[in-house]
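Each of the two complexes below includes subunit A, the first together with subunit B, the second together with subunit C.
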Partner chain A sequence: MYKFNFIYELKSLVRNGWIQLLTLLLFALFFFAFYNGQEKVEKRKSDIQAAHTEVKESDRDMLKLLDSVERGMTVTASRWTIPSKPMAVGNYHPRVAAMDPGNLAFVATGQSDLFTHYVKPKTSGDDLALNFTEITNPVQQLFGSFDPAFVIIFLLPLIIIAFTYNVLSSEKESGTLRLLASQPISVAAWVLQKMAIRLFWVILMIVVILTMVFYIHIDGASFGSIIPVIGITIGYALFWFALAFVVNLWVGSSSKNAIALIGLWLLFALLVPSLLNQMGSTLYPMPSRTLMINQLRTAKAEATKKQDQILDNFLRDHPEYAINDPNQGRSFYHRYMASQQLVREELQPVVQRFEEQLQKQQQWISQLKWVSPAIIVQQELNTLAGTSTRDYESYRKQVIDFAETWRQHLMPFLYNNQPFASADYKNLPAFEYAPLNSNTTAKTILVLIVIAMGIVGLGFAKGIGFQSSKGILTH
Partner chain B sequence: MITTDNLTKKYGETLVLDNLNLNIKAGHIYCLLGANGAGKTTTINLLLGFIKPTSGSAFINGLAVSENPKMTKKHLAYIPENLMLYPNLSAVENLHYFSGIGGNNLEKAQLEAYLEEAGLQASAYHQRISTFSKGMRQKVGIALALAKNAGVLLLDEPTSGLDPKASNEFGLLLQKLGNKGVAILMATHDLFRAKEIATHIGIMKNGQLKQEFVADKITLAELEHAYLQTMDYKELAV
Partner chain C sequence: MIQNTFKKELKELSRDGRVRISFLLVILLMAVATWISKNQYSATNEQYKEAETAERHIWEGQGEKNPHSAAHYGTYAFKPKYPLSLIDHGVDKFTGTSIFLEAHKRNEAQFSKAADQTGLARFGDLTPDFVLLFILPLLIVFLGYNAFTKEREMGTLVLLKSQGTSVWKLILGKWLAIFAPVFISLFLLFVVAGIVLSNLKDFGIFSWESLGVLFLVYIGYYIIFINLVLFISSKVKKSGISLVLSLSAWILACLAVPKAASNIAESQYPYPTRQEFAASINKDQKNGIDGHDPWNKQAKLLENKVLKEHNVDSLEQLPFNFDAYRMQKGEEHTAEIYFKHYNHLKTQFEQQSSLYRNLAVLSPFLPARFMSMAIANTDYATHWDFADAAEIYRVELQAFLNGNFAENSTYGEWSYRADESTWKNMPAFEYDPPELSETLGRNTSNLVVLMVWILVSFSLLFFTTKKL
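And then the complex of A and B:
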């Protein structure tokens, strides 16, 4: 039966223009989305590149100035910006801590349109908290930009619905169902085969489009890198085909099928994610950012008032910085850096609270993501693209660590009153982003397949008999 | 061979078929007459296995329909009142498809031969069904029955809406099938056509088989009189 269904269904679909329309639609949507995604990545790359160029130019100026200072020449720069002072290096010549986009970054915008892709942590900066406080519930990102993830999660199901909602009902409405049902076949198996033919075409198109995208967009990566995206997309398509199969068997007329499937789309793609988002925010509300800034300011003001005392305490804790030469004094930065340390320590509980709530929100979503395949797929595509909440969390931590490394590298110069020299330049720490590795894709694909198989199994278990009583085969 | 044994169907409390007993042998053409709602289509739906009987049994070639739904469908062909085929496919393609899904893969020459035997003009073989008249579609239905080599043919008012010529041609085709040994059950309102082609005639009313005749033993006028009497149109039955 399958051979005949396959040949004649394809013939019918070609002759009534469905295949051409579907192919055109998929190509247009995916390529527009890939173009958009790639534009964002290019912008991100060029921003990072510009930051690196700026640092390079700044370093060149710094080395020139250092050379002049070391040769005893008079320099015209402001006193506090002369790079022989370690804090001038720390504050005016910071390194770029960039989150370079991965090969698949164009697939999902994820959190990347909310956060900066690079920061320049300064020795006196507040980057431990403020730059990243917008990291919130990941599902919020479901309402994102027109990227491939958007097409896959929101538009592909609609296309599948339009392509499958009336597989059985159209046979009834056109009158061919009675003739079909009089053949020695199982109508449920026949519907499944019709679905499989449509699924075959959608999969073929997805593979062709993503392969083309791979050769157009991805440089220097193996073809294997695109396979997880293909797998996830096919798994998700399979879920929607399975739903359409059951709706075809159980619901009835074309209009009712369409309404039922659109209702399921609304439920899985919009309502469940936004409901989880809301519940996550309600159950684990993020601490107020305004409160955090106020606390930071208060802590700073308090610290400024007692900077001398703080410095004494700091030096007691760090005897390696004590100097015996009475001719060398302590400047503003000696006090400031010590007080910054204190501010950081005092703010730690606030930041901790924020991080804990964030983790709870993420755990909440992680536990309940299985309720909607749209969330599973969104999270997996973000992970593959390296734009997930986890990626930005990891980047944030790496930046905080690097900021500390940057400070700790320059602190001995400051407290030992040792000038920064040209020879020290090559030892300045550099940031290198370490992307997270994901190994959840195979599991996600498997889960999607199992869900789809379960739905199909349910369809067979109840079968078309469910409709017989309502007269699908009779008048 | 078509047999029903006290076949009964109820929808809730409504009795639509009441203890129907039929025995249609190979080569017989049995026409079921009756007004709308008499139970003719319900009988055919039960024989096709589209609905389950409330009690009693239906048999196709000795096989119980409700116990062997797929097997019995292998032995039967069915032509509904308005046979609908795939409009984007040609007559040959439709025949190839419907035979194929039933497990009968036929060559192009065989398909054309069946269409020829069913009386379809050669120029229509490769035309899309969307251009076909009802009579032409019914001929494709006959070709399908021929291709299936079905021992049983069920027809639900197949001549309604056909012009007299097409109706006559269709009747001749059925007789040809009957002569080949096919057991045919046809539900119809057309007394004239029933008298012309049937070997046996039954009249149904309110789900009951009220009268049965051997077609050769009754004239058209007698048949009409019996029908009107059965339907309680006594003022017309003069």
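And then the complex of A and C:
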């Protein structure tokens, strides 16, 4: 019985063009999406590369200038840009602090369209002067990107719905269900079997497409790196198949099924996420950035007024610099760096509150994401791609730490009134981005499978309980 | 016949439990979304007022200071929110809200809301525009997908034909039955929104006129969807297929095409990165605009010219502080450089916009979205307008400060301190968003595209459907 059903189903699927259409659709959507994702990654890579090249060139000029200065020649550059002055190195020759894309960055655009992927922290200015957002047309950000994550989260369920909503109802509507009822098989098992064929094909296609993508796009990584993406996608597809299975059993006519499934899609993919987001930002509201500016301004104004006093205090706290302070040699930068330090310390808690609230919101989502598989998948794909909120938060933190390293490296030169020499060049600190590691993928896939199994189990337990078993045949 | 069909369809829709539930849900969603937006709107506006007063206070209370120090200390321009942003939030979330105005430098607007949100926010916010642009068309799909297919499935189509009814009368009746509930609920919604908005305290410049135009745009958008859904229903045999096709049209129009368009626009007309943009401005500052006449060379020429004009042979003899005068000229030169580079960004932006307009052939969502944002003053063009106004103010501010410096001190007198009352003399920054007529003028092409969509979909429905 099972074998005949299977062969019959497969034949009819091929004959009415179902499999061909599905294959074509999946291929077209996924490849367009992968192309888009890849293009973004390429741009990101080349931007970072260009920044590195630029710094290399400017370093060459700097070394040339230093060399001339050390030989006692006169140089034409403006007085304050000559790199023997440590602050000139710190401000005019900053290092590139870049966030290199990971292997899977093309899978999900995530937050990457909001933020920049390299900054050059200088010695002057505060941490707030580091602008981590990117200039783009905000319309692009509003519409979002047609990336693989979008195809997986939004379109794949719709495709599954379109090809499963009438598995049972079409038999009923064409009258063949009566024939089937005379066969020794339960309706639930029979629907499950029909679903399984469709599921099998979708999974096969996903594996084929992602394997192809792997060989086209990823170079230099092991095949293992794409497996989590395949796993997540299959887990998510399972969930939607399971939903379609119970809706087929419980609801009724083709159009009612379709409406019910679309309703669920709307609920899981659009409404629940936006509601959770809204609740997250209501529970842990971000402090006002506009009011933060006021605080920043007041702190700066205070510091500017008291610059001399601040420097004295600073030198008292840092006797190692005070020894060499000839008092007359105090330049603008001596006072400025000391007062900046104070402003930074004062504003630290203010800035910290933003990051803290963001972390709390993120935590809240991590706890509640299980409400909607769409959220689970989005979070997981972003994490795999290295484009999640957490990744950018970690990058920001690393850059701010590096900015401090950069300052601390050059401060001794300034306060010891020691010129920067070409011999010191090789000791300049460099930034190395350390990506976050995540090992939640296996757990996530397991959860998705368990949810799907649970739904299917529910379908079997309830049977066709919601439709009267008489009605299913007579109507 | 039109009337009878209309009545019968309405009755049927109102008796259908699914329709009632979905209507209820949409209204509930709309209410929640509006309530959330209203709270946000009031909170943002309060913060805006507070920040603006505080900033002005800080600026005026600078005390005795060298004008150029004041110029570096700078001030902020804050972007206000407008009443209709309650209905359409547009790109507000992605654009910064404050611009730092300082000497020598044009700054970008800082602190976008999206950057302070988690990745979840990218699913979209529960806002009125989300309900209006995404959910209501979906409701139309549910209302109309089986308008003709059910007659076919139940066999009543044959009966209808035997009555000698002309097809267009039947279509029009069904069309009106879907249009009427949509029209009435939208109308009530906008009237309520209007009353709420005009009763908000400190609501800025709310005009019923803009609200009315916004209403028309949405009605036009829904008409297109009604036409398409009925067209599909009249051409297809089964309700299920009709539903799936209508839904595909919805997904294509509202989700897929806008996203694909965003990718195409981004790759065809890319913006430079923030760092590249800053670097190319730096280059022009160093080497002169496009490598001609770097500023230090021009400054030398300026010196000679001024000396000649005043018939003196040293800068000390001039009746004003030449340092400040030169600084002002330098400021004007820098402003010119910024103008050039921002114009480049603007061309990219305009080209991206025209690409969106071209792709509107595939999706009526695009022109509707752009029109709605523009009327609500939450589109990108309004943001540009604000940024440009802030830049004009910045240039004026520098002229004011350098002028004060030049007039009241002599050459080399960097120790000069301007009076504490000086800062009050510079009027505060004020910004008025573009008028409705200006907005419409700028968006004529979007209007045209929307009209074409309406006409084409109407003719599809009425002229290609000769028999059912």
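Rule of thumb we're sticking to: the second predicted complex is superposed on the first by the 447 of 475 C-alpha atoms of A that agree within 3 Å, B and C clash if a C-alpha of one lies under 4 Å from a C-alpha of the other, contacts with A are read in each partner's own complex, and residues count from 1 in each chain.
Quick note on the criterion: a contact is a pair of C-beta atoms (placed from the backbone, for glycine too) under 8 Å apart; a residue touches a chain by one contact, two chains touch by 3 or more.
All values reported here derive from a predicted model rather than from experimental measurement.
Participant: Looking at the overlay, does A:Phe6 come into contact with subunit B only (first), subunit C only (second), both, or neither?
Facilitator: In the superposed model, A:Phe6 contacts neither subunit B nor subunit C.
Participant: In the overlaid three-chain picture, which partner chain does A:Gln183 touch, first (subunit B) or second (subunit C), both, or neither?
Facilitator: After superposing on A, A:Gln183 lies in contact with subunit B but is clear of subunit C.
Participant: Which partner does A:Trp18 reach: the first (subunit B), the second (subunit C), both, or neither?
Facilitator: Neither partner.
Participant: Please determine whether it is subunit B or subunit C that touches the greater number of subunit A residues.
Facilitator: C
Participant: Does the superposition put A:Leu291 against subunit B (first), subunit C (second), both, or neither?
Facilitator: second
Participant: First (subunit B), second (subunit C), both or neither: which does A:Phe27 touch?
Facilitator: Neither partner.
Participant: In the superposed arrangement, does A:Tyr425 touch subunit B (first), subunit C (second), both or neither?
Facilitator: neither
Participant: Quick check on the superposed pair: does A:Pro273 touch subunit B, subunit C, both, or neither? Answer first, second, both or neither.
Facilitator: After superposition on chain A, A:Pro273 lies in contact with subunit C alone.
Participant: First (subunit B), second (subunit C), both or neither: which does A:Ala258 touch?
Facilitator: second
Participant: Subunit A residues touched by both subunit B and subunit C?
Facilitator: Touching subunit B and subunit C on subunit A: no residues.
Participant: In the complex, go through subunit A and note every residue touching subunit C.
Facilitator: Listed in rising order, the residues are 32, 36, 39-40, 43, 47, 50-51, 54, 110-111, 114-120, 131-146, 150, 154-155, 158, 162, 165-166, 169-170, 253-259, 262, 266, 269-271, 273-278, 280-281, 286, 288-291, 293-294, 297-298, 300-301, 304, 354, 358, 361-362, 365, 374-375, 378-379, 382, 388-389.
Participant: Taking the complex as given, what residues does subunit A use to touch subunit B?
Facilitator: Residue list for subunit A touching subunit B: 1, 3-5, 8, 11-12, 15-16, 174-176, 178-186, 190, 468, 473-475.
Participant: Applying the document's contact rule, which stretches of subunit B touch subunit A when the two form their complex?
Facilitator: Per the touch definition, subunit B meets subunit A at residues 41, 45, 48, 50-52, 70-71, 73-74, 76-78, 80, 82-89, 93, 96-98, 100-103, 105, 141, 154.
Participant: In the complex, go through subunit C and note every residue touching subunit A.
Facilitator: 18, 29, 36, 47-48, 50-51, 54-55, 58, 62, 73, 76, 78, 90-91, 93-98, 108, 110-126, 130, 134-135, 138, 142, 145-146, 238-240, 243-244, 247-248, 251, 255-256, 258-263, 265-267, 270-277, 279, 345, 348-349, 352-353, 356, 380, 383
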